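Dropping the structures in below, format is structure tokens.
One chain, subunit A, links the two complexes that follow: it is found with subunit B in the first and with subunit C in the second.
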Partner chain A sequence: MAKIKEGGLSTALQQLDRRWIFLLVAVGAILPILFPIGLSVTVTPPVRDLFDRIESLTPDDVVMVSFDYGPTTKPENGPMAAAVLRHCLARRVKVVVLALFPIGGGAMATEELDRVAAEFPTLRYGTDFVNLGYKDGGQASMKQMGEDIARVFPSDSRGTPLSRLPLMQKVRNYRDIKLVVSLATGIIGDWWINLINAQFGTPVAVGCTAVSAPKFYAYYDSHQMIGLLGGLKGASEYERLLLDAYPQVKPVYDNPMIFNAMRGMDVQTIIHAIIIGFIIIGNVAYFLGRSRAARV
Partner chain B sequence: MFLRVQLPLLLTFLAGLIPIVAFFFTEKARLVKVPNDRLEKWMIIIAGFAIMLGVVNVVQGNIRKIERKGPGWHYAIFLLIGLVLPGSFGLLGAFNVGPFHGISPHADGSPSPFSFFVSYVFQPLQATMFSLLAFYVASAAFRAFRVRNLEATILLLAAVVVMLGRIPLGESLFAWIPGGKLALGTFTEWLMNNPNTAAQRGIMIGAALGAASLSLRVILGIERSYLGLEKD
Partner chain C sequence: MSIELIGTWIAALLTLCLFSFLYKDNPFFRFAEALFAGVSLGYYIGQTANNTLKPNLVLPLVHDFRGNYDLVIPALLGLNLYTRYIPRIAWMARFSLAVYVGYYTGVNMVQKLQGEVLPQAGATMMPLLGAFPIAGTTALLVTLAATALVLGLIDSARGHLTRGAVIFVSTWIVARVVAQVAFPLAADALDNLLLFVGVIMVLIYFFFSLEHRGAVGGMSRLGIWFLMLGFGAAFGYTVMGRVSLLIGRMNFLIIDWIGGTVRAIGG
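Showing the complex of A and B:
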């Protein structure tokens, strides 16, 4: 109180202990998880485009899902990975999963595929979906797969030679892939567009973190990619579309023990509101301080 | 001189030139495609060995830090434990030594020692580190986002609009206006599709030109700093 009297409200605000900010952010993150608000999202064109493209595929088509993220961005990339895999498997579209991100990409791929595939007990590993595992080498590995996937991944993540997997007997290279979906943090999403779409003509879509989304709009706008899931918002929009089209997946999204993007949007809403609130308070303090300085 | 300068320059020239030439030929041009194919395979192997180089570097640097008892040397011990322990689990698991069978979860769903470490130690720690960003972003926005001049004001307004447009709350703010529910989302998409895309393209084209010119300097032997000659 004494500080407010001495230096004015502006000084008190500008010198606000940042631990108060941290506390408010923590409360804003925890409360919506415990007490979901259930705010609805509006679907944007980049998300709908990817959804519609997968809807147009048949059970004979193959989608390659590349896990190009690690645990750091799992809260954003994880829900979109699950939603895309769930969509493909619900449509009986064949899925080939791989990982190119070195720090935990393989673990993310195995975790998500195993969890989602368990929801479809009639589908068989090796026939309907395959997990190729992780491979180092980034761009070189991606380009080599344009010639022959088995050259880069001689065996799958379980050590089974690709020649013994019925699905991989039909899939030799990108010519046999109808769509690549890269769930990416960092630059690997760009590589799928710059190298694979540009050189082999394979349609590419990217699911990225919100901070990476701005750069991908340039690729989306120039039709170098067919769809974009930007951050948690993009993932929640995809979940909304999936739920509307496939009501059978509703129990998964109603399960409070499974994190999903729609639930995450509650947290994001509160945190964005807190940040905007602090920006306003910070600027009010700034202008109060300026007018006070002008008076002195 | 030949082994230290001319040979590396020649190898760099060939390693840079072959992929460029191969890009313009189809599979039928075996003379170009075969060496390019071989180069790409080598690249995958070299990338694997580069990780080993990184491991050696980290071990050397941190052992030196512990020996000198430099600031925060205690953390170096934990870093080395974090490197050696899961690394050993992974190596032993890959070669199926004793109880360290495999690196993926087992067929019955039980975790291997390595996958246990990844799921219950590595993943939560990584997620925690990244989650801290939310706290620092809020604090930084409070202290740094100021309406100081026109440019800062435009940046601030764009940031607030995009932040609002990315949450359902922003849509609700204008829902009382007929058709207003979609207004902010539509405006956010316009911002992302137009001003943002224009700026991103400028950055991308600039970066690509820079990368191309630097690559050309390396391929033609103009840029030689990677040879480490200036250290002599």
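Showing the complex of A and C:
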């Protein structure tokens, strides 16, 4: 109180210990996890475009899903990976999964594919979906797959030669792929667009972290990619579309033990409100302090 | 206690060690940070050895050396990189580096030009006046916005840099709102105009051969505004991204760690 009297409210606010803000943000994160609000999700065109493209595919078509992220961005990329895989498998579209991100990309691919594939017991590994595993080399590996995927991935993640997998007997290179979906945390998503789409013409969509979303909007606007999931918000929109079109997946999204983007957006909204509040308070304190200094 | 729950406890305690930095720097945070860096590197080496070196190099050479003898060349180039640790023959590593740099320079040059520069430049070359049924209205709105731009530039040339930028931006916003409500097709033309103006103004901001005074100064100021809008969008998304990671960790602590432990105790 003495400090407030001495320097005024503006000084006290400007000298507020930042740990109080951390504490408030933590409370704002914990409460909506314990007591979900269920805010509505509005769908934007980049997300709908990807959803519609997968909807247009037939069970004979093949989608390549590249896990280009690791555990560090799993809260953002994980829900979108699960939603895209779930959508493809629900439509009986064939899925080829691979990973190009070195720190945990392979583990993420195996974890998500195993979890989602278990929801579709009639689908068979090797015939309906395949996990090629992780490969080093980035652009070199991606370019080589344009000629022959088996040269880059002689065997799948389980060590089975590709020639023994019925699905991979039909998929030789990008010409046999209808769509590539890259779930990316960094520059690998760019490579799918400016290397593979540009040189092979394969349609590409990217599910990226929010940090890199503004960059990908430029590719989306120039029609170099057919759809974009930007961060947790993009993932929540895709989940909304999936739930509306496939009610059979509802139990998965109702399960409180499984994290999903729609519940995450509840927390996101609360924390954003707190941050906006502090930005306003900070600006008010700054201008109050400035006018006070001008008077003195 | 199951193995899975033990793993969850280790992950939860390490998460709390990292969060402790928010209070202040401490040995627990430093321990967790160093452990993460070390484990990541070890994991990367293991992944590369098992998923790339073994299936793409070792096994093909062991099973069919005659059919895959060309793999010996990249293998030798790779091993040659390690000669840099022997000072007497460290120069030999440059041959491998030259091949590596040469390959990726070649790939990147084409990739950047074909995949970024040309398509992105093409995407900025938009029709400012489309052949719409309401071409007259479109022309009117676009002319309005363009006039505002000219007025803004004239004002800037007189020394009112900020006022010039304000005139353009505010007039464009009014025209865009009118178009959105009454003439949706005209909205596209206005968007294209904004894109065109934004690109030119930002390029002028980065054009340092002329002093940024007068009309050039006004356009440069407008370029800063466009850049600031871009930075604002990027910052907003960055906040959203970081908050998402916090949500993921909080969800892990509450649902997986505390919830999992309660379920394990309760049987």
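We adopt the following convention: the second predicted complex is superposed on the first by the 296 of 296 C-alpha atoms of A that agree within 3 Å, B and C clash if a C-alpha of one lies under 4 Å from a C-alpha of the other, contacts with A are read in each partner's own complex, and residues count from 1 in each chain.
Rule of thumb we're sticking to: a contact is a pair of C-beta atoms (placed from the backbone, for glycine too) under 8 Å apart; a residue touches a chain by one contact, two chains touch by 3 or more.
Here the structure is a predicted model, which means the values were calculated and not measured.
Within the superposed three-chain model, A:Ser182 lies out of touch with both subunit B and subunit C [touch as defined at top].
In the superposed model, A:Leu39 makes contact with subunit B only, not with subunit C. In the overlay built on the shared chain, the residue A:Gln224 is in contact with subunit C alone; subunit B does not reach it. Contacts of A:Asn197 after superposition on the shared chain: subunit C is touched, whereas subunit B is not. In the superposition on chain A, A:Ser66 makes contact with neither subunit B nor subunit C.
Once chain A of one complex is fitted onto chain A of the other, the partner contacts of A:Lys143 extend to both subunit B and subunit C. In the superposition on chain A, A:Leu16 contacts subunit B only, with no contact to subunit C. Look at A:Gly264: by the touch rule set out above, it reaches subunit C but stays clear of subunit B.
When the shared chain is aligned, subunit B comes close enough to touch A:Phe278, but subunit C does not. Residues 22, 25-26, 29, 72-75, 102-104, 133, 135-137, 139-140, 143, 152, 199, 210, 213-214, 218, 221, 231, 233, 268, 271-272, 275 of subunit A are contacted both by subunit B in one complex and by subunit C in the other. Within the complex formed with subunit B, the subunit A residues making contact are 16, 18, 21-22, 24-26, 29, 39-42, 44-45, 70-75, 102-104, 107, 110-111, 114, 133, 135-141, 143-144, 147, 151-152, 157-158, 199, 210, 213-215, 217-218, 221, 231, 233, 265, 268-269, 271-276, 278-279, 281-283, 286-287. Subunit C makes touch with subunit A in their complex at residues 22-23, 40, 43-44, 47-48, 51-52, 55-56, 59-60, 103-104, 107-108, 110-112, 114-116, 119-120, 122-123, 230, 233-234, 237-251, 254-255, 259. Remark: subunit A residues 19, 22, 25-26, 29-30, 33-34, 72-76, 78, 102-104, 106, 133-137, 139-140, 143, 152-155, 159, 191, 193-195, 197-199, 209-211, 213-214, 218, 221-224, 230-233, 256-257, 259, 264, 267-268, 271-272, 275 touch subunit C in the complex. Those residues of subunit B that touch subunit A in the complex are listed here as 23, 27, 37, 40-41, 43-45, 47-48, 51, 104-105, 115, 118-119, 122-124, 126-127, 129-131, 134-135, 137-139, 141-143, 145-147, 156, 160, 163-164, 166-169, 171-172, 181-182, 185, 189, 192-193, 196-197, 200-201, 203-204.
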